[in-house]
Amino acid sequence: MIILNKVISFYYREYKLNLSGFQDILTNIIFFFVSIFIFIFSIGPDKETISSIGIGIVWTLLLLSSTLSLRKFYQDDFENGNLLIMHLNGLSFGLIAILKTFSHFIFVQMPFLFSIPIACILLNIANHDLIYLFSSFVIGSFILSCLGSISSSMNLMNKRNFLLGSIIVMIFSVPIIIFSVGIVNLEENFNSLISILFGILLIVFAINPWASGLCIRLSLENN
Amino acid sequence: MIILNKVISFYYREYKLNLSGFQDILTNIIFFFVSIFIFIFSIGPDKETISSIGIGIVWTLLLLSSTLSLRKFYQDDFENGNLLIMHLNGLSFGLIAILKTFSHFIFVQMPFLFSIPIACILLNIANHDLIYLFSSFVIGSFILSCLGSISSSMNLMNKRNFLLGSIIVMIFSVPIIIFSVGIVNLEENFNSLISILFGILLIVFAINPWASGLCIRLSLENN
Amino acid sequence: MILVKDLSIERSNKKIFENVNLSVGSGKIILLKGKNGSGKTTLLKAILNLIEPSSGAIYWKGKLLKKNLYNFFNHVTYIADKTSSLSKLSVQENINIWKKIFLSNISNSQVDNILKTLKLNTYLNQNVNSLSFGEIKKLEFLRLIIENKKIWILDEPFSNLDDESIHIIGQTFEDHRSKEGSIIFSSHQESEINVSEKVLL
Amino acid sequence: MILVKDLSIERSNKKIFENVNLSVGSGKIILLKGKNGSGKTTLLKAILNLIEPSSGAIYWKGKLLKKNLYNFFNHVTYIADKTSSLSKLSVQENINIWKKIFLSNISNSQVDNILKTLKLNTYLNQNVNSLSFGEIKKLEFLRLIIENKKIWILDEPFSNLDDESIHIIGQTFEDHRSKEGSIIFSSHQESEINVSEKVLL
Amino acid sequence: MMFLVNPGKFNKVADYVFLPVLVSSIILFSIGLIFAFYLSPDDYQQGSTVRIMYVHVPSAWLALLTYAIMTLYSICGLAFRIPFGFIINTAVAPIGAVFTLICIISGSLWGKPMWGTWWVWDARLTSVAILFIIYLIIIFMNLSFENRIVREKVVAIFILVGSVNLPIVKFSVDWWNTLHQPATISKLSKPSIDPSMMTPLIIMTFAFIMIGIAIAILRIKTEIISRKSYLS
């Protein structure tokens, strides 16, 4: 069970690191709420419109702010050599990718999860929608973490064009957005839509360690 | 006129760093459009709604882009010692802050400015709103650049109380954005609102070299 | 234990070195020497299977190292030419993290001892980015003790250190050798260390 | 020209050094020696007015340096212990940027010559992050030539370099001295350079 | 047909074909333009704006066709390990992007008089816009990844994944009811378009194809030269 211990200590390290980067997390959340205010102000106080587009807005903001934090995903650890140390410590590249994806999910996406209820109040989203929003959000944000892992590991090789990775993530998240927003709007189809979303999650989750692992390996070779 | 030459060469360097070519500008713009896509997908293609929240979308993306790039603002140059080299090259800390702010405005915010007309087409924003949007956008984004400069220079110091400071600065951007969005919606008050915004700009612009300069100086001392 | 056989490496179609042979037995200290850009770092990385050789192979305990990678890693500490401590955290926090991730059961007093010999004991609560360059470098050596592995692979361990620290590190090397450990390191400086073999690149 | 008088420096209420006196005349090469953490880097930074001394003062051409800062900077090149080339750009791009920002009118053939003596001429189009550590370090020395200033302040210029490169840098130092330039540098290594004064910290 | 997968043979064939293709494209273009502007009638509904069709429709078809070709070659490259597939991908992507851009611009110009706006968010227009962005991403990936082997594979996989968008573009008008014109020619039995408009449309389509091929030949050849070192 050495590997389990290593995984636990991996998260200990991530936790320490993310706490010291606490302002980044807070910045994300502030961004989130500021944007919601912007929408409310630009739409005007019309309750109907606000609640009709509320879920879409929450989703988009979620997506945008998870692209916000993509750069932190591997870049820092790559540059100060800690990615290499983790690997030499016995974690294969694929495993590192999986662990990092979860870490992103926990430390970057989770804080959003907690701000959703507040956002729902601000945006007049009906309470009974909240549960749909929540479940689609959890799955969707995990898909985003996986996509983020792939694109930011690609970015390690491509030294300059940072936004390219974000664009790729966003293009791939179009179907996810469509499905997730669909889930909330079409409550009767909830089960079938969420299983589609779940299917996408499985595919991305399976590809992630393979793709990200490859990219990490190549970037370490070239550094 | 040596200082002028130095300023010019400063921008040459920034240009090289930010846009190692035309393709970077293009990626910025594409990022902008893809984000608009995402919004549209999550809100639904209803013409009325889209044009009513169009301005909100543009503002959110503007805010996003400037938060996205905050970390690049001073951090990179600080870590690889180039901030110090600039200073030793005869640029005072305050001047560096001013130059960097403009550089952020030009290389990060401007691409968005240029894509606004196209965004207006896509989002069905009425033509006569365009001019309001444009002017409020220019002023607002410059304010954001100044605030970004202050908060990211505070971040250099990596001390808890300054972390808080950078977040507070972020929060300052809320009223500004609300104002700017207001400008577009309340056309009759345009002049008075834009002069308020302009006043804020002047204040922030005056504070910026002083505050950022101090933070840069302190962080260089402590490194 | 490690056997490098006829190793050649190319990067971007440029030959870095050709037909390097090397064997690292237990209780051996091997020094890599060569000009800047002669491929010392590249060779060390190749031994860690980070760089694909264009020809030749590396063996570990008689088997191809590639096939046996994580087993090999269980016995290796690598200290690169860049330091890896996290600069925004304090010395103590860094040590704690290292202790955790390397599952080390080294005792606190042992760590204190080493910190004392390296003269780092007064900096425990200082952030790493406010340490001097040499102090950061010395901190990195703590990993050798915390990881407690058989094989040490070190890239320019002595640069930026004062003579006294070099002497201490040298003694640690001797200690390690006497415990049947093996060391392979690169260096530009002459040092008092009694190397078993010197490989010229 | 530079006169350091009774300089003491504290960081976070900890004395780093006390009452250091130093004078750097033209045609002088001054070596700072001291253990890790003895304050060499701190002293150099204090001379650049980056660190506020707790007592003592620094004079430049008879006047307080602080009052005359940008004038002083016009005559100084500082090479820190970290390299400053931009790792994502190529060697050539870095040189171009340096030429621009230091408003240097050095000719291309001059640059080519130096690159050739430093053996960097074949790497012009390679990205800096794929160079070896020593090559990156050598690249940094190009700034001395591009900036073309009177006073050189160098922090551990010789670490990570091979003997040949150290020799070349040493010659550059001699050259600079013969042109009435002055150099102040810190080093842990003994080198063949004929220093005018050695300051122990 | 080996010249479609073998760079050496492709070079030989291309040398023969290039000049005829170029000449015929110029001739077809001139004829097509004459037809489009002088010899075809105004539409009874759309007036003379209908002439935009002669640019819009061929470019739309070619945008789709180019992507389909890239998809095929990605399969060749990935599944059958034919490096020529990757060469085609790199060479042809910008051409497809330009066709898509022409399609979008001409469509918008057409949309203003017809629908009253430059742009609507209907399924076809949106999916074409996504097609355009996919093309751009492919181009950027080709420009910015340093490691060639990885880059080629990543791009090919991306192309395959992105090909999901093709049927959406093609059939969106049938699947959802939208503003956009449904297919006219695809009804195999009886085209619903007037023959007097049909002739210039077909001529223009061929002109576009010929120009596409000519540029593609040039780009593929330079691509081959730049990879000479490993193509043997």
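Order of writing sets the chain letters: A, B, C, D and E. Residues in each chain are counted from 1.
Everything that follows uses one rule, which is that a contact is a pair of C-beta atoms (placed from the backbone, for glycine too) under 8 Å apart; a residue touches a chain by one contact, two chains touch by 3 or more.
Not measured: the values here are computed from a predicted model.
Asker: Provide the labels of all chains in contact with subunit A and in contact with subunit D.
Answerer: B, C
Asker: If every chain is reduced to the average of its C-alpha atoms, which one ends up farthest from subunit D?
Answerer: Most distant chain from subunit D: E.
Asker: Decide which interface, B-E or A-C, involves more C-beta pairs in contact, and give its chain pair.
Answerer: Pair with the higher count of C-beta contacts: A-C.
Asker: Taking each chain's centre as the mean of its CA atoms, how far is subunit D from subunit E in angstrom?
Answerer: About 58 Å, centre to centre.
Asker: What is the distance in Å between the mean C-alpha positions of subunit C and subunit D?
Answerer: Going by mean C-alpha positions, subunit C sits 29 Å from subunit D.
Asker: Between subunit B and subunit C, what is the gap in Å from one C-alpha centre to the other?
Answerer: 44
Asker: Using Cα averages as centroids, what's the distance between subunit C and subunit E in whole Å?
Answerer: 55
Asker: If I count partner chains per residue in subunit D, which residues reach a count of at least 2?
Answerer: Expected reply: 130.
Asker: Residue numbers in subunit A touching 2 or more other chains?
Answerer: 159-161, 164, 167, 171, 174, 222 - these are the residues of subunit A that touch more than one other chain.
Asker: Quick check: what residues of subunit E touch more than one other chain, meaning two or more?
Answerer: 130, 133, 137, 140, 143-144
Asker: Under the touch definition given earlier, write down the residues of subunit D that touch subunit B in their complex.
Answerer: Residues in contact with subunit B: 45, 48, 50-52, 70, 73-74, 76, 78, 80, 82-84, 86-87, 89, 93, 96-97, 100-103.
Asker: What residues of subunit B sit close enough to touch subunit D in their complex?
Answerer: These residues of subunit B touch subunit D: 2, 5-6, 9-10, 12-13, 16-17, 20, 80-82, 84-90, 92, 220-221.
Asker: Which subunit B residues qualify as touching subunit A in the complex?
Answerer: The touching residues are 20, 23-24, 27-28, 30-31, 34-35, 37-39, 41-44, 49, 52-53, 55-56, 59-61, 63-64, 67-68, 70-71, 155, 163, 166-167, 170-171, 173-174, 177-178, 181-182, 184-185.
Asker: Applying the document's contact rule, which stretches of subunit B touch subunit E when the two form their complex?
Answerer: 23, 26-27, 30, 33-34, 37, 40, 45, 47, 50, 121-122, 124
Asker: Tell me, which parts of subunit E touch subunit B in their complex?
Answerer: 108, 117-122, 126, 129-130, 133, 136-137, 140, 143-144
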